[in-house]
Every structure is written in structure tokens, then in C-alpha cells.
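Got some structures for you, see below.
Heads up, the next two complexes both have chain A, just with different partners, chain B and then chain C.
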Partner chain A sequence: METVIKTRTIKDKLIFEFENSKLFLFGSTQLRDNAMESFYKQGIPTRKHEEYKYTRVDLMLKGEFDFSTNKNCSDAQIQPLKFLKDAYVVVIENGVFVEGSSNVENLPKGLTVCSLVDAEKSNSPVFEKHYAQYADVKTDPFIALNTAMTKDGAFIHIAKNVIIEKPIHIIHISTTSVNTIIHPRNLIVIDENAQAKIIESFETISATAKTVSNALTEIVVDKNAIVDHYKIQDEKELGYLVNTTQVIQQRQSVFSTHTFTLSGSLVRNNLTVVLDDEHIESHLNGLYLTVGNQVVDNHTVVDHRKPNCNSNELYKGIIEGKSTATFNGKIFVRKDAQKTNAFQSNKNILLSLAGTINTKPQLEIYADDVKCSHGSTTGKLDEAKIFYLRARGIGLVNAKKLLMHAFASEVVNTIKIEALREYVEEKISKTFE
Partner chain B sequence: MLSIKNLHASIDGKEILKGINLEIKEGEVHAIMGPNGSGKSTLAAVLAGRSEYDVTEGEIIYNGKNLLELEAEDRAREGVFLAFQYPVEIPGVSNINFLKTAIGEIRAYKGLEPIKAKDFLMMLKEKQELVEIDRALVRRSINEGFSGGEKKRNEIFQMAMLEPKLSILDETDSGLDIDALRIVANGVNKLKSEENATIIITHYQRLLDYIIPDFVHILHNGKIVKSGLKELALELEEKGYDFIKEEVEA
Partner chain C sequence: MNEVIEEKISAEYKYGFVTDIDADNAPKGLNEDIIRFISAKKNEPEWMLVYRLEAFRHWLTMEEPDWAHVSYQKPDFQEIIYYSAPKPKKVLKSLDEVDPELLKTFQKLGISILEQERLSGVESRVAIDVIVDSVSVKTTFKETLAEKGIIFCSFGEAIQEHPELVQKYMSSVVPSSDNFFAALNSAVFTDGSFCYIPKGVRCPMELSTYFRIEAAGTGQFERTLIIAEEGSQVSYLEGCTAPMRDENQLHAAVVELVAHKNAQIKYSTVQNWYPGDKEGKGGVFNFVTKRGICLEENAKISWTQVETGSAITWKYPSVILKGDNSIGEFYSVAVTNNYQQADTGTKMIHIGKNTKSTIISKGISAGFSNNSYRGLVRIAKGAENARNFSQCDSLLMGDQCGAHTFPYIEIKNNTAVVEHEATTSKIGEDQLFYCKQRGIDNEKAIGLIVNGYCKDVLSQLPMEFAVEAQKLLEVSLEGSVG
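Then we have the complex of A and B:
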């Protein structure tokens, strides 16, 4: 007699793991149960799912997975990833805060940097007020899954009127030797009239197996606050990253975010910025360089809910090899949001015949007195420019490199931290080698 | 230095150059004049190595080398310089980075050591003064937002930096007011030497008041139909291109 063993799907395995590891999961039971139920209803998106049709997240979740969050790498290995010499550094390894590797001692007054676990333990009222309030589990299965299964991450709070000049750098590292799924989560709260610069980088160190990182960051930008936010995604071939960034902005605040996708087998960004009051300014910049079989998908939502706000979005990409890049930019202008200015631009250079670009602007405008525009272009490198450079003695390869740099520079130049700009420029140069 | 023999060239199957013959020696300045559509800019493009043009017949020997076998960048490295009629704008590439890269590659090609940063900066300053170009322009992206005159001046500045042996000025005078024309001409004159040669392509005689040519050639319908000394340019200015057409067709 034969025994039939039913293969469990990844969804089953996630639910099994959820039930089994309840003691180690983060957040209130009710919140997690609710999130898991929502995940169960939504399931893993397939290509039939409108929001995921260009990015086969279901394929990246095939095979066996582990859920461990063990620490594997040494401080010496982490050191080179601290590329900003003068910064407060938070290290999150395999989804868990590593105090020993972080540099968060002697924090100035008004700045809190700690793990989510510690924030909860200390009964921080800021944490209690804001945790899991913005990324809605019903809107996306990865938000639901992260909310249900996260174990830890960073909590950053900048108190009212405080200006933190040094950048705060959150380093996410995956260091696994078996296929692993992790769910790191950060909460960043910038109070009224405060200012901060925050960098999130995503890296792998000596990973020998696939890591699927389902990372989520919520950012609260209170009245008059000014926040500069950067994501540097560089997880190499074994990295699979679904990165949700949920931002809420209050009156007269300015929020700028910059997403640099430099490597990774699959990177899916879900960036949502909600402009929840008047006189808000939002900037969304992005640059993706894709090679080989890479898949990079940027989904952005700019939600204008109130009048007199400005948003400006610029995403650029250079696509090589058989890689696929997707840009889907939604702009909502709600009924009340009169006098909105909302601009969006997506420009791509396609260097190979086998590469694919999907670009889709989506404007939904319910107010009548607004200025909105969007545009997208996909082209090759300009032959006239190449010839001009060659006519001065610059070889074809370098001429193309110069032009790719020039194309990327419009986004790179929006980086306000000099050391970070240099770091990104160097990374881009290496990509073009 | 340059010997063009029976050069025929076409673009998209249409023949533009129909048998050009031209000999240029070190130290000489040659003016090539002709009406619109006579093939002046095609000749410049073929010399610089633009790949859209097909050379169907003839040869170009430059310093003993078959120029047509060299890629555009190698021609530049061998000392051929084209001052473009319509220089392109390249936002995001600074003039300085561009020139540093170009000089670096030219020196590497010649087997020379890379230029020292200090020497490069000194050269930059010296040549800026020589061609009277604003320092602020040099620090900007290549031609980005430059006026027509500033673009032409930038071409001459690049010429000064790269120190070519054979310079081809393709309608460098077009769109220049008289002040800008004098500055550009002055720059070209200062760069002239016994070792290098210049080809000036122009529709009008005016530039030749400031850069005195040794020879003037008149291009008509893809051929050099008349060659002479600098007086030929004046005659042409006076009588207009129709006199050439009449002469040729008579």
C-alpha cells in the first residue's frame, strides 16, 4: 500500500510556522491573528493578481524554506557595510536587532534608537500609538504576512523640535545557509518640527542560500517635520526582497525618499506616501540598474487627501541582459485635494533586446482644480551623443559608460548626504564595468 | 598629411560626394566653400568617421594611415578633430570629466603616462584663457543650456585641450555674431602651427577675413570644382554661388 503525502504549499508552511512560533513573534496576539487571517484570505499573489502580474513572487517562494533568525556573521564582516563613517547605525541581521554590532550609544537628547522588542518592553507611548497603524493588512498579502510574523526590527523616534544632523543608518543583513524567509519591520516616528536623515540598506553577507526578505517600514512624519529617507538595495544574486514602505505625512511636512536598486534577483518595492493634511511636500526618487535575469518592480502610490500639496516623482532605470523592470506609479487626488500639484516621470534606457520594461502610470483624480502630469520614456543610448564622445577620442565602451552615468546622475544628485552619494556613485560604476 | 583621392560617399543609398580630391600639408589652412547641399558637411562627417555614411569609392590617407579603416575614436587619438556644426548637449557629463577622460584615452593610445591632476588643471586654465571661454561654462555639463555661440566656443576650447594635428571646423561661423566670431577666429589662429593643419568649412567668406586660408576650394554637387588662393573666396562672395554653377554647367 502506498502512502500519499500531500505536498504542503508555502502558504500552508507559513501558517504552520505561525502557529508553532507564536512565542517568538512580535506584536499583540490580536493584531497578529487578524493579520494572519487576512494573509490567509489573500494568499500568495500569482500572475493573475493585477498588482503582481509582472513579478512572479510565487515563483520565488517555491521549494523548502526555513524561518530561523540566527546570528551568523561577525562584526568584522559587518564593518564594511557601515559605509557612512559618521552615523548612528542599527544592524538588523536576519530580521533581528543586533545590539553588539550597532552603534547607538551616546544618543543625543530627543533621539531614540532601539529594537522593536525593546520599544514594546519599555511601554513606549510613541510605539503604542503608531505601531502597525498605517500599513493596512487588508491591502497587500506581504503587509499581512509581515504584521503576523515579524520578530523584530528597529524603532526610531525623533522628539518634537529636535534636529538630528548625523544620518541614522539601518543595515539589514541576510546571512543564511538554508533558504529562509524573514520579516524585518521598522517603525520610524519623526515628531513635530523635527528633522532627520534615515538610510535603510539591504545586504547579504556570505549567504549560501536564498533569502526572501519581506521587509516593512512605517514612517510617520508629523507637522513641519523634514525627513530625508534612502533605501540602498544591494542583496546580490541570492537576495529576494519585498520591501514595503508606508509613509504618512502631516501638515507642512517635507518628505523625500530615494530608492536605489543596485542588485538582487528579485526586488519588489511597495512605496505608499499619504499626504494627510495641507501644504505638504513629497519627493519620490528612484534608480534601478538591472542585469542578467534580475526582476525589479517599483510600485508607488502617492495619495493626495487634502488641498494645497505638492508631490514630485522621478524614477529612472537602465535595463540590460534578460532583466525585467516594472514601474507602476499611482497618484490619487481625492475630492478634497484641490490645488494639488502632482508630477511623475519614469525614464528608461534599454540596452539589450532581451530586456523588458513595463511602465504604467495610473492617475485617479477626483478634484477639479489640480495640476498633474505624468510621462514615461524608454529609449536607447543616444547615437549622436556617443559619436560626439568618440570623436574626442573616448572609446565606445567608455562613451556608453559616461552616458549611463549621466543618465543616472539626475537621480544620484538628489542624494543630500555626500558620503552616501559617493558610495552610490561607486556602486553604479562597478555595475557598468 | 592628408590625401583624399576620388572620394565617393553616400547616405541611405544617395550619393553625396562624387569624387573628391584634396591634398593638405602641415601648416596649411584650407577653406572649403560651397552652397547648401554641396556636400561640405558630409565631407567633414566622413573624415571624422560617422558610420551613417558609406564610402563607396576612393581613399583617404592620413599621415601614412588609411583613415577609413580607423574607428572614430582612433581617428581622434591620431589627431583628427572635428568642430561640430551642431554640438550636442550632454547633461550629466561635466566638460572637465569629459576632457579628462578624452585626454586619458588619447594618452593611453599613444603609450604615454596618464596626465597628472595638477598638469591637467594648469592646462585647463591656460587653454581657457587662450580661447577666452568663461570658467563657469567649463564647469558645467557638456553644452547644456549653452547659447549657440557658447557651444562653438566650447568646440574651440576642446580643440585647444586636445591639441589635434588636423582640425576640421564645420560651419563654426554659423550663428556667431561678429564679436564671438573674432574670439573664435582668434583662438584658432593662436592654435595654428607649422605642424598642424586646418580645414575650414563655410558658406560665407566672413570667417576667412579673420582666419586667412592658404587655399580655397569650391565644392559643388559633391565635387571640388574650383581651387585657388584666398582671393577666390572674395570673388565668390562678390559674385555669389550662381557664378560657379554657371561656370560648371557651361
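Then we have the complex of A and C:
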């Protein structure tokens, strides 16, 4: 008898895994089924998919994957990753909250930090109100996949009028020894008049196999709240990261986000900020330093829905080796959003002959009384500046480093936490070596 | 001020009228027989028929693109009459023999061929290859041009008389399989203009073609091919108006430009086809593929366009900068009003070393319209020291319209310097106030500001066109400012 052997695609495998592990997954059955159905419809995006034109996520998902996630790194290994000495630390290893390694005791009043699983168990009304309300499964297959298959993540809630001075640091670590796909998910809710600083870092330790993280963070910024959000992506060669961040802002809130992509084989950031009321301020900053065969793709959407809001976006990149950097920024101004000021700037330095930069700064504007602009420049290091420095006795290598530092500093200087700024500066210096 | 707006918005399309000329129509629909019919009607050699059929077979495998930021009822390609020609008449020697109906039409448009004739002998005259529907009726100044060795004739004539040139260059820039509408055009195009400037010749006058769409339900599939040999220069004008119609008319043209070493081609367009009425009913679908190639070093291609008409515009005049030191330019003003939709821009493909390109795009949207700029700047690996500067500005008039920018920038060489900037805003209150304070009324002030806003582009137009373009801007816009 002839047997037909059909190679299963990664899509089939994911669906099979979803059916198999239903018991261990997180969230309501209806939500997950709905999300999976949406993923099934959208499939894994290929090159023909306009939004994924420059980033081959389909290639990233080629090969065999194991779906079990084990904890296998010790506390001592995690310690150096806690680079902020004075912070509340949440450790998420391979997509699962690790209470032992985390540092969430003695929390001040009004601050809740726990795992998503615990938040659900405790029937937290905040969790119920906000979970999976903002990242729409229909808009992106990775959002759908995360919503369907996430197992755990961090839940952070800051109550009304509470100001948290110490930064909250979420550390995502991948430590697997077999190729795996994980779906960590965070929900961060900042109530009215509250203030917080949140850092998410993505690291790889002792991993010997490819890890694809499909991480998703939803951030709710309520009225008058002030939130500072940082992302440090440093996943090394084995790390593949698709990182979706969905932010919703309410009246008179201020939200700043800073994305630093330092390493990782493939990093794709989908950042969406929705300005859902009046007098909101949003700042989006990003810096990407790419080397080797790295692929970094930053997709940002600023959605102005109501009048009288300001948004400011600055993304800078230095591209070396055969790496590819993509910036796709969209400013969306809806019909009602009069008196909007929206600015966007993307600047790139291409150091090598083999590097590639793709940028697509877009404006989609339906209101007339607005001021919107975008600018994009790409070039090499300025010969005149190098000459100036060399004429003053600074060697070629150092002159270049100095100029790159100066270029990056515009973004680095937006970091308001000193310890973090020093850490990032040190990392950048190492990349330039 | 609102009354002024109302009055201007409700201004009827001035150039809407129908000329009664008998057309020798093909039956509706599209199949291989129709293509054979067109080819036979035009008395074409066999290689043309083969070319058409190949394009048609490829077209059948393609899907109509939907990535543009426009929405419309897709045309039914089986409902279109692909061939309609005025009945063949005896060869005309002077204007007296031209159909008086046709002359009237031109008078209504304000283009007087009589005047052109009267002016012959004056240096700045314009040679017009008049196209009514799909067949050239009258070619003027042909003899003057022939003295210089310049070939300027209809495409059909070129196929008959210069088959070697047509075979060499046709589809060398826009392959017949390039895109859906280019393939369709390759299969069914009926006529167009052909222009060949020999080595070292500077064309003594502006070459010009006026396209008109006539006969209800006829789509126009024009094809233009311009070849500039080494060291030659030519400036080509294209202008269009269309009569008022209720049903949508499809226009899918292909324009190919080839510039050899040190050659320069300047291609200017003023487009004012019927944009549909106030409710967005009717209007021309303008799906055009325009592309030029700077084949050898120091060549230059420059596109200038003023787009005010058409219900849907889908148009990206591009330049492939293959030769070293070659230059590409794109200057555009796109105006949309009422329910018009435009998705237009350019592609600059840098392949050669030290290539330069400049993109200046000015979009103006009013009423319920949507106006998008979509452009690509690609710097290939070998394009050392390539330079690009792009500027796309949008002006919004009214709170129901949209202005969008979708630039694609792809850079694979680190010696390239690429800059892109875009702004979107409405007419500055302070500018208006400044004008009004000095006794300039609101409407004039707006006209002044808009003309100033478009000045960078309008100044690129040849003299013959600049006046017409300014008039067009005024007609299509002035009153609709809010």
C-alpha cells in the first residue's frame, strides 16, 4: 500500500500544537479560538504581503520547532541581566513568569505586579476590563497567534494617583536548547494621574537553539497619566523576535517609548500608538545598530483619532555588514483630528557597501487643519567631519566612532533613567568596537 | 466666502462636449479575434500581431492590481469597444480639408490649429500630431521636422515605415508583461505617437500631441515611444481634455522614453480629462504606465505633469538611471476635487554611478477627494555616489478630503545620499491674513498662494503650456478653498 507523506507547513504545525495544548494555554477559550481562526485566515506573511515585504518572517519560521518550554537557567545566570540595581524586576523565561527569580516583594501600595495567570485567577477587574481589548487579531497574524497561543507573561497595574519612582523592569529571556516558538504577553495598565517607568529587555542566555519570540505588550495609559517605556532588544544570533506593542492613550496623557535594537538575527517591531482623546502627547524614539546578516524592521503607526494632540517620532539607525534595516512609519490622522501636530523623522547611516536600508515614511491624512511632516535621510559618515577630526589629531577609527556616538546620542539622550542610559551607552560602545 | 466656494464648486466642466464624427467601431469585448481585427484594420505586419497576442495571453494570467489607495468599480473589460477609427479620408494637405467639426472642437478647447499655421516660420511654433480617438488625422509640420531627420508620426505609421526602430525599441522600457494595464495596452493599443531624434539634433520646436477621447464607450489605449539618439534634445508636450460622459471611460496608455548618451528628453503633461460630476459620477479612469530609461552616460529625462482631471488616476512616470552620470527629474502638481482620487508619483531607479534624481511633488486635495503620492527611490548596489532629493507637499482644502504620502526608499549602496521630506498642511491663516490686509480679496489671495505653492513645478513647464496649466489650476481649484 502506498502511503502519502505530506510535509506539514509551519502553519499546520502551529494549529496542531494549538489543538494539542489547549489545556495549558491562557485566556478564554472563545478568545483563543477566535484568534486562531483569524490566524488561519491570514497565514504566515510572505514577501508578497505589503507589510512584510522587506522582512522574510516566513524564512524565519522554516525548519523544525519544538513547542515545549522548560525552565533551565539558574538564578546566578539571570543576575547580570538585572542591570538596574534599584528596580522591581519581573523575569519571564521562555514566555513563562518565574517568580523565584523575580523581584516583586514589598510592592508599594497601588502597584500590582504578577503573572498573567495569577491576575486571571484572582479575578482582577482591571485584568478583565483590559485584557486583549486593544491589539486586534484581525490586523496582524502575529497578534492573532500570540492571542491564541500565549501561556503567560507579566501583569502590571498602577492604581489611580500613584506615582512609582522606581523603574519596573521586565526581563524576557530565552534559554532553550531546541528550536522553539514562544508567545510571551504583557498587560500594563496605568490608571488616571498615575506615573511609571517601564523597561522591557529581551535577552538570550545559554541558548543553543533558535528561539522565535512572538512577544506582545498592551499598554493602557489613562487620563493624565505619564508613562516612560523602554525596550532593550539584545537577543544575539539565535534570537528571532517579533515584538508587538499596542498602546492606547486617554485624555491629556503623556507616553514616551524608546526602542533600542542592539542585536538579534531578526527583529521586527510593530508599534502602534492610538491617541484616543484630546490633548495627548506621544513620543516615539528608536535606535537600531545592525551588523552581520541581521535584519531589523521597525513598523510604527501613530493613530490620531481626536483633535489637539501632538506626536513626535525619531528613529535612527547605523547599518553595517550585510545587514538590512527597514523603517516603516505611518502617521494616520482621522477626519475629526483637527489641530494635530505630527512629526516624524528617520535618519540612517550606511557604513558598508553590502548593507541595505528600506524606509517607507507614510502620511495618511483626512483632516485639513493639521501640521504633519516626515523626513528621511540616508547617507554615509560625512567626509568633511571626519577630515575635521583627523586634522586635529584624532585617528580615522576614533573619528568614525566619535561621529557615530554623536549620531546615536540624539536618541540615547532621551533616556530619562540614568542607570539605563549608561547601560545602553556601554552596549553601543561595544557594538562600535 | 462660502458663496464663492459654492459657486466655484458647482462650476460645470467647461470642456465637456461631444464631436460628431462617424466611427468605424469594432464589436464590444476582448478576445483574440478582436486583436486580429485591430491588427488587420491597421494593416500591420505579422510580428505586430504576434506581439499583441503574446501580450494578450500574458494579460489573461494577470490580475487587476488593487494596492493603490483608490476605490472604484472595476471596469468590465468585455464591455469596452477596443477599436474605433474615424472613417478613412483622403490625405489632407491643408487645414481647409480638415473636418470642420474637428476644427470647431479645437476652437472650443482654445487650441487653434489655424493660428499654429499662421505662425509657421516663427521659431517657437508647436507641431501637433492630432489624435482623435485612436487614429492620427493630421500631422503638422512634418516636413519641417523631416529636414532635420526627425521622425514624428503616429505609431501606426511608424510600424509601416520604420519597423526596424519600432521592433528595436518598443517594449524595451516597459515590457508587455510589466503590469496589468501595460499588458492590456500592448495587446490592444490602436495608435499613439512615435518620435525619433537622430544623433546630435536639437529638435527645433516643441512636439505636442493632443489626445481626445471620443465615441461613447471607447477606451483609449495610446502608445508613445520617443527615442533620443546621442547628443540630441527634445521637448514633448502632451495635453488632454475629454468630453462629458456618464459612464466611466478607461484610459490605459503606455509611454516609453529612450535617451542615449548625452541626450535629453523633457516630457510635459497637462491632463484635464473629465473628472466626473459633483457626486463623483462618471469620469475617466486614467491608468498609465510611463517610463524612461537613461541608457548611456550623461543622459537626462525630465517628467513634468499637471494633473487636474480624471476620476481615478494611477500614474507613476519613472526613470531608470542606467548610464553613469545620468539625471532623472520628476515635477508634479496633482489636484483633486469633489470625488476624484489620485494615486500618483514616480520611481527613480539608480543603477549607474553618479546618478542624480530630483522629485518635487505638490498635491492639492479639495472636496471629498483623496490624493496620494506613492514613490520609489531605489539605489542599486553598483550605483556609487547616487544622489536623490525628494520633496512631497500636500495642501488640504476642506475637512472631507485626504492627502497621503507613501514613499518607498530602498538603498543598497553606502555612498548614496538620499533625502526625503514631506509636509501636509492647509493654507496658512497668516498668509491669507497678510494678503487680505493688503487689500487682496480672499479668492485672489488663495489663488496667489496656490500658484506660489506650485511654482517650483509650473516653472518647469514650457512656455506654451505654462499659461494653460495656470488656467487649469484656477478652474479646478480656486473656489473650493475652505
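The rule is short, and it goes like this: the second predicted complex is superposed on the first by the 429 of 433 C-alpha atoms of A that agree within 3 Å, B and C clash if a C-alpha of one lies under 4 Å from a C-alpha of the other, contacts with A are read in each partner's own complex, and residues count from 1 in each chain.
As a convention for this text, a residue touches a chain if its C-beta (ideal position, glycine included) is under 8 Å from a C-beta of that chain, and two chains touch if they have at least 3 such contacts.
Please read all numbers here as calculations on a predicted model, not as lab measurements.
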Given the touch rule stated above, what does A:352 touch, chain B (first), chain C (second), both, or neither?
second
Counting only touches as set out at the top, which of chain B and chain C does A:385 meet: first, second, both, neither?
first
Under the stated touch criterion, which partner chain does A:372 make contact with: chain B (first), chain C (second), both, or neither?
second
Per the contact definition in the header, classify A:64: touching chain B only (first), chain C only (second), both, or neither.
neither
On chain A, which partner touches more residues: chain B or chain C?
C
Tell me the contact category for A:403 with respect to chain B and chain C: first, second, both or neither.
first
Now for A:394: first (chain B), second (chain C), both, or neither, which partner does it touch?
first
Thinking of the overlay built on chain A, is A:361 touched by chain B (first), by chain C (second), by both, or by neither?
second
Return the residues of chain A at which the contacts from chain B and from chain C coincide.
none
So, in the complex, the side of chain C touching chain A is made of residues 67, 381, 394, 396-426, 482
The answer for chain B against chain A in the complex is residues 48-51, 71-73, 75-77, 81-82, 84, 87-88, 90-93, 97-99, 101-103, 105-106, 109, 141-142, 158, 162
Touching chain C in the complex, chain A uses residues 50, 335, 338, 348, 350-380
Per the touch rule above, chain A residues touching chain B in the complex are 382, 384-385, 387-396, 398-399, 402-403, 405-410
